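Have a look at this one before I ask anything.
By written order: A, B, C and D. Residues from 1 in each chain.
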Amino acid sequence: MGKVRLEAFSDGVLAIIITIMVLGLRVPHGEKLSALSPLLPVFLSYVLSFVYIGIYWNNHHHLMYTVKKVGGGILWANLHLLFWLSLFPFATGWMGENHFSPLPTALYGSVLLMAALAWLFLQHSIIVSHGEGSLLAQAIGGDLKGKSSLLFYAAAIPIAFFHPWISQILFVFVALLWLIPDRRIERLVAERRF
Amino acid sequence: MGKVRLEAFSDGVLAIIITIMVLGLRVPHGEKLSALSPLLPVFLSYVLSFVYIGIYWNNHHHLMYTVKKVGGGILWANLHLLFWLSLFPFATGWMGENHFSPLPTALYGSVLLMAALAWLFLQHSIIVSHGEGSLLAQAIGGDLKGKSSLLFYAAAIPIAFFHPWISQILFVFVALLWLIPDRRIERLVAERRF
Amino acid sequence: MGKVRLEAFSDGVLAIIITIMVLGLRVPHGEKLSALSPLLPVFLSYVLSFVYIGIYWNNHHHLMYTVKKVGGGILWANLHLLFWLSLFPFATGWMGENHFSPLPTALYGSVLLMAALAWLFLQHSIIVSHGEGSLLAQAIGGDLKGKSSLLFYAAAIPIAFFHPWISQILFVFVALLWLIPDRRIERLVAERRF
Amino acid sequence: MGKVRLEAFSDGVLAIIITIMVLGLRVPHGEKLSALSPLLPVFLSYVLSFVYIGIYWNNHHHLMYTVKKVGGGILWANLHLLFWLSLFPFATGWMGENHFSPLPTALYGSVLLMAALAWLFLQHSIIVSHGEGSLLAQAIGGDLKGKSSLLFYAAAIPIAFFHPWISQILFVFVALLWLIPDRRIERLVAERRF
């Protein structure tokens, strides 16, 4: 019942976040290439964040497939996730405008870390309300990918103050890790003929 | 019939309000911590408003569950509520940029008060069109929580001119009051096996 | 089939238009009442446009109820309507910031006129594709309200250059005319037991 | 199953892109015609982009009709398309503010080209996952229109540096080509009684 609205609202917020980020690419005043070139780091940070929001949308899609009932706990765990994702446009813009310098890179990593924690918390809320024998509980298992992402983000934050480009490489690496779609749920669904 | 579109439109407006508020967090020009720190009050007011819009979305979700038919009265009572909620980004930004000073705090309280009145009016419209014996009429009963919220908001407005921080505490207190999900409808639904 | 996506897309665009208009209320820099007062005309024009977009959403809702099949003609007639409605935030902002002066008032009237023409064109496209005996054709009849609105908007444009406040009164008057929901379709639906 | 959310998310993003572009029409400070006239090229570029996004939405609508199952490949091919479309507000604003000068025109053509390539890639992903005998594979056939659009965009990019107005004519010409709705799918659907 409530699942449809939860998905619709989340889709709405994610669609707005992904599109509003492009407003960070402010239209420059000149018409020369020199007017465009300062926007390159903003553009690159936009691409990275677009991919991350795409990953979250894609995985949210899979996650919600396993949800049978929506209570207050799941609703607020979902809003908590959307809160951290809503900070992407700010963190992306600040990092891009400052050419991936230390503090903005560390802040971007912190937003990624908080969103990843919010994601684990949402997963946890769903498992608690659906039982340990539920589809999701079996599908994620030890959830190596989710937990190792946390470690990479957590590592990228202090590293940003010394070698911010290593942090960027970590952000790209984790994104690539997730671009491989989460076949765990798909596989179990296929096996069980859900 | 029309209920699906009413929910979809309301979800859309609420999703945009909650996401557009973050544009109030304007990307600062420096890359140091000193560039970020003036944004702290804006960020705190954003968190408060995010929670309030989340509460309204959550309760709207419950409220619409009780609606069986949508006429012009409910449509306009709903748009009236969305109007006051659409002023949140403005009131939030003004309060945050002025570090919770008296007049912006009083304005924020006024927007909260008007939204709460619009909410009661929407509830009333639903009860009028569905009858006193309807699910919603029984669920809300005397509606102590809704009416006491009004009192707190109304008190916070004059207090803001003397001790704006007391008003802020009242805003946070009422938000916490509502974070506890409205189990009244859920309970009645469960009892009646709807 | 395609009707659901047409409604969803239109709801999305209308929800964004109605919410984006509030960005015209730019957060002022001072914290005094004197910082707020220049925003009053912007706020009043926002209220007027909010009501107009609400009326269009409400009537769109009724109009789509009569649609059984969606072809290319209806799709583009609908996008044409959304185009003119998308100019509301611009026309509203310009009129509000210039305190309802002649040219901005005339432009606002022109956008209202073009949107009203686009509405009649959408109605016409639906009747053409559904036949003269269709529900909509019977419901609108001579469509006195739609056509008289056109006259009022058309009159308000030249009047704006001499007495812009008369144009404003006309805008408010037509809005009030439409706030009374379009019972013609509702009545016919009830009679026919659709 | 997942198709509904894919459509809803795409509709959301397209609705936001089409509406956010109008923010490029910044409210001018004067109230005279002279304040409005510099906005004319921005307005014209907005009209062109509105039509293009409308075409993409319309065709997306037809394309999704042929989709029976949604896997990771289609999800990401769709997000890839949305990425290039999300650059429309930026490319539109830059082209309009610089009065259709060479480099902005070439950039606009490049965004059109990349979006068209992303569209072909999405079509390809759907055919791969549904088989060569699928509805879509038969409907598009050699896809003369899709492929010739690519050629026109590709030609418009270098031409922009010498005669940008020829590029604009090409953009308008291709838009008109697509305004004629894609009857190929509609015809096949009608024949097969899908």
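The rule we apply is simple: a contact is a pair of C-beta atoms (placed from the backbone, for glycine too) under 8 Å apart; a residue touches a chain by one contact, two chains touch by 3 or more.
In this text, all values refer to a predicted model and were calculated from it rather than measured experimentally.
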item: Self-contact between copies chain A and chain D, residue sets same or different by half; value: different
item: Chain at maximum distance from chain B, centres defined as averaged CA atoms; value: D
item: Inter-centroid spacing, chain B versus chain A (mean Cα positions, whole Å); value: 27
item: Per-residue multi-chain contacts in chain A, two or more chains; value: 8, 12, 16, 20, 23
item: Complex interface listing, chain C residues touching chain B; value: 7-8, 11-12, 14-16, 18-20, 22-23, 25, 27-29, 31-33, 36, 47, 50, 54, 57-58, 61, 65, 179, 181
item: Chain B contact footprint on chain A (complex, rising order); value: 1-2, 5, 8-9, 12-13, 16-17, 20, 23-24, 71-72, 75-76, 79, 82-83, 86-87, 89-90, 93-94, 97-98, 101-104, 107
